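Each of the next two complexes has subunit A plus one more chain, namely subunit B in the first and subunit C in the second.
The block that comes next holds the complex of A and B.
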């Protein structure tokens, strides 16, 4: 149960290129048949240190557990295939805005997106009359923007689209973590699925595409796109795009795929390394687990 | 060799097939891994020239009954037209979760299937060896004991002793000598 770290790309303030480290661990919940912990740490901030104790940006931390395959409840109708159910829940303390204990519309939305992504990757007919539950708990969520923007403190001009950008990073993390947990649970999948995000950032000099956007660092995020990507088949199982992409939809998807491929490197090495440890063999292919 | 889902294991051909933990993509006739684990190439059990590539995962995945598999089940309820049983083992593997099976009246034995009396074939608590006929309905798998080697393998008498089979329809209690009716499995 070691973590793999790899280098992803995260551009801050449009031109500055920075690195994000991804942490992925599997097998943290002994009672679940598969589990994974995913963390996206943006590293040291590029913005000047402020007097405020509130961090200028956030990171992403989430856990995913997979329960099953187990027999369907008696009330369920007959199914010749594996029935997948997903549940994404933010911890009450996950973001600046406190969440209730009941799932709200955004969390249900994320669950639906995660389900559609995983549905395309599992081989459901290998497990007839069975069900599997994928439960994601978001411990720390990416903020939807810089906190001060909410109160119009930091800038003279209020941001026009203070939207739900943080959800996109959360979804990409959910997809990657769920893939690791499903593999840990031994559920047949056609491929590993990894999530990636790209965003379109507008600045005075025009628009540019960033991988893995950090909503609190970009002044004006106009569009975003999340993909669930199967690298060995070069297929997409999930696309979620929002905002005004200014006819750059294809570019946005291409960049989101690039981000997903970066995440897949971590995913594949962690999954194989963990399995090798279970077999009691020292991993031989750890050269792709770069440390940041 | 350690593989992860999506890794290529080989090209599907008349001489190479996908086994457990692998699948064939029909678009390019290529075999991919579907779980993580070690890659093994074994001889096909039915054709010596053919090879099967399979992936063995790190943990014994909980067995799931599928049509054609032989299961060991414990009878829980006997009704006039069928008996319910909890499946405990699929082949040599124990199941982790609870799967229920149903032995219908017509599936108890191969002959005179309309004259079967369920109460003279099974009792709650009996351990039976059965064949999985189908995935069944929403609740239970359909099981069959209509073969010589299928049926009750272990049963307790009313006195509480494990009974000894004396014919394919009878078992005897070693304590009281009482004979009880069962659909007895032929000892293998």
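The block that comes next holds the complex of A and C.
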């Protein structure tokens, strides 16, 4: 599914493909109350092999740790709710361009997106006077474009604007990983939230919608949309859509939801495994019915 | 992230507001219709040393001043190559478009009482700039020749601490300032060092009046129950189920509208305290703690106020976006702001 196929694919097919290319693990950080590791494997490239040795695609690897719920410091004012703070940070070596140790505007923007997504699912009034920190470290980020294009090495048309589309895939990964980590930390949520991305690709023959676009593979990605989807309620806690979408804003949202449902399959099975390991109970099928 | 956490409303007041806003027809506290905006005062061209400027004052006392400054900057090397490529005749007709870079537009938002690196100003600046850059036309207008380009600084100063979410205020003020922005007319040709006409009267507007193209505006739309409201006030936001920021632009070819960006905004209602039913308050020994918790959970905010959980129904999102494009509110605002600019 990483190759960003057109949406002619049936959802069942998508899910199957997606399952093989996504890695989600929980409980990797023993010191945190909940943690998750998320990886999107690029898989075999669908584009024709080029003469360049520069890899044509990048993968996404991130870890998420949840600390809490823990009491607020004495100096903090009373809060009737669980105070959520999110922190998304790219590792300095995450992408081709080095990131500094101080969070830049894009990372803060991602944190704000993640916070608004998670605050919708957490049942915050069950933990008055407490706080929880969600920390995401992006170990390997999706590039915003095929970086050989910057040097005119590719035979495709040159672009100077990559449009930061890689951030959208990162956000979707953050949402899915954070949801798994929150469950492991035992924080009550209304539902599992999974992230999905869809993009609009313009080519000479017209525009087409792709699920889970890989920015380095598409020549002209003109619009993108990330959603955080609650499958059992069919609600969206996060929408981030931007770009020249040619009146297809809602179509993009719908396709991003399809991608989120595919990620949900992975998320649900991981959560089920985690629960079974932790409480020593055999997993039941009740979650299967809840997730579809 | 929320602009304020101390909402001065009791659970009973919140419950009252929520009920009146979710009833059909909805009743807003200030008697507006769901599509009505609050009155505002706007003026443009107020700063003599800026390329464009505007000031907008909302009726609740919040006020913003925007100044747009343009500076000449040397382009990086990659663009030089691109044009050399184009002069072979391959892409010559394409010369005027596809050259701009997102980084040429810089937006900074200054909110009193908040630090520069707080989440709110960063979030606001990102939201406004992605709307402005969405169609790629603004950044291409900043292209001068293969060696030089304009860098546009849009500096937003909020003069009062934000009472309600300041996004519509910022977006409208930036819109007006950009409509008002003029760049000195270019005299030099081709790839020469740029030389400009020193007559300010000859300066060219960044958004020429003759074509219908406008910078996008960002609307804040709030959903309560099945109803959607434009321009929510502070009290209304305190009971919002979900808040969307939708940026809309008018297409050049036709006068139809297009959505260029949608973002969910974290509603402050999620930070409110929930109410306790009368028969469960402390000292009333009719129920034990566990039972009380179960009853409060089953109540689901029907009898007493409970902060909203979950997100926005997909059907409602589709309906809101459809209404934004069709109900004429955006066209009214765009036309009114053009008149302010004169």
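The working rule: the second predicted complex is superposed on the first by the 247 of 292 C-alpha atoms of A that agree within 3 Å, B and C clash if a C-alpha of one lies under 4 Å from a C-alpha of the other, contacts with A are read in each partner's own complex, and residues count from 1 in each chain.
Everything that follows uses one rule, which is that contacts are C-beta pairs under 8 Å (C-beta built on N, C-alpha and C of every residue); 3 or more make two chains touch, one makes a residue touch a chain.
What you see is a predicted model, and the numbers here were worked out from it, not measured in a lab.
> For A:108, decide between first (touching subunit B), second (touching subunit C), both and neither.
So A:108 only meets subunit C here.
> According to the contact criterion defined above, which of subunit B and subunit C contacts more residues of subunit A?
Answer, by number of touched residues of subunit A: C.
> According to the stated criteria, A:230 is in contact with first (subunit B), second (subunit C), both, or neither; which is it?
both
> Quick check on the superposed pair: does A:238 touch subunit B, subunit C, both, or neither? Answer first, second, both or neither.
second
> Which partner does A:257 reach: the first (subunit B), the second (subunit C), both, or neither?
In the superposition, A:257 contacts subunit C only.
> So, does A:28 touch the first partner subunit B, the second partner subunit C, both, or neither?
Touch partners of A:28: none, neither subunit B nor subunit C.
> Quick one: is A:247 in contact with subunit B, with subunit C, with both, or with neither? Answer first, second, both or neither.
The answer is second: A:247 touches subunit C but not subunit B.
> With both complexes superposed on chain A, which partner does A:139 reach: first (subunit B), second (subunit C), both or neither?
Neither partner.
> Applying the document's definition of touch, where does A:191 land relative to subunit B and subunit C: first, second, both, or neither?
The answer is both, since A:191 touches subunit B and subunit C.
> Mind working out whether A:80 is in touch with subunit B, subunit C, both or neither, as first, second, both or neither?
So A:80 meets both subunit B and subunit C here.
> Please write out, lowest number first, the residues of subunit A touched by both subunit B and subunit C across the two complexes.
Correct list for subunit A: 80, 123, 190-191, 230, 233.
> Of all residues in subunit A, which touch subunit B in the complex?
For subunit A paired with subunit B, touching residues are 69-72, 74, 76-78, 80, 123, 126-130, 183, 186-192, 230-233, 268, 271-272, 275-276, 278-279, 281, 283-285.
> Contact residues on subunit C for subunit A in the complex?
Against subunit A, the touching part of subunit C is residues 1, 5, 78-79, 81-82, 85, 99-102, 117, 119, 122-123, 125-126, 130-131, 134-136, 244, 258-266, 270-274, 306-307, 309-314, 317-318, 321-322.
> For subunit B, which residues count as touching subunit A in their complex?
2-8, 21, 23, 25, 32, 34-38, 57-59, 61-62, 64, 66, 97-99, 135, 137-139, 141
> Quick check: in the complex, which residue numbers of subunit A touch subunit C?
Touch residues, subunit A against subunit C: 79-81, 105-106, 108-109, 111-113, 115-117, 119-121, 123-125, 150, 152, 158, 160-161, 163-164, 190-191, 225, 228, 230, 233-247, 249-250, 253-254, 257.
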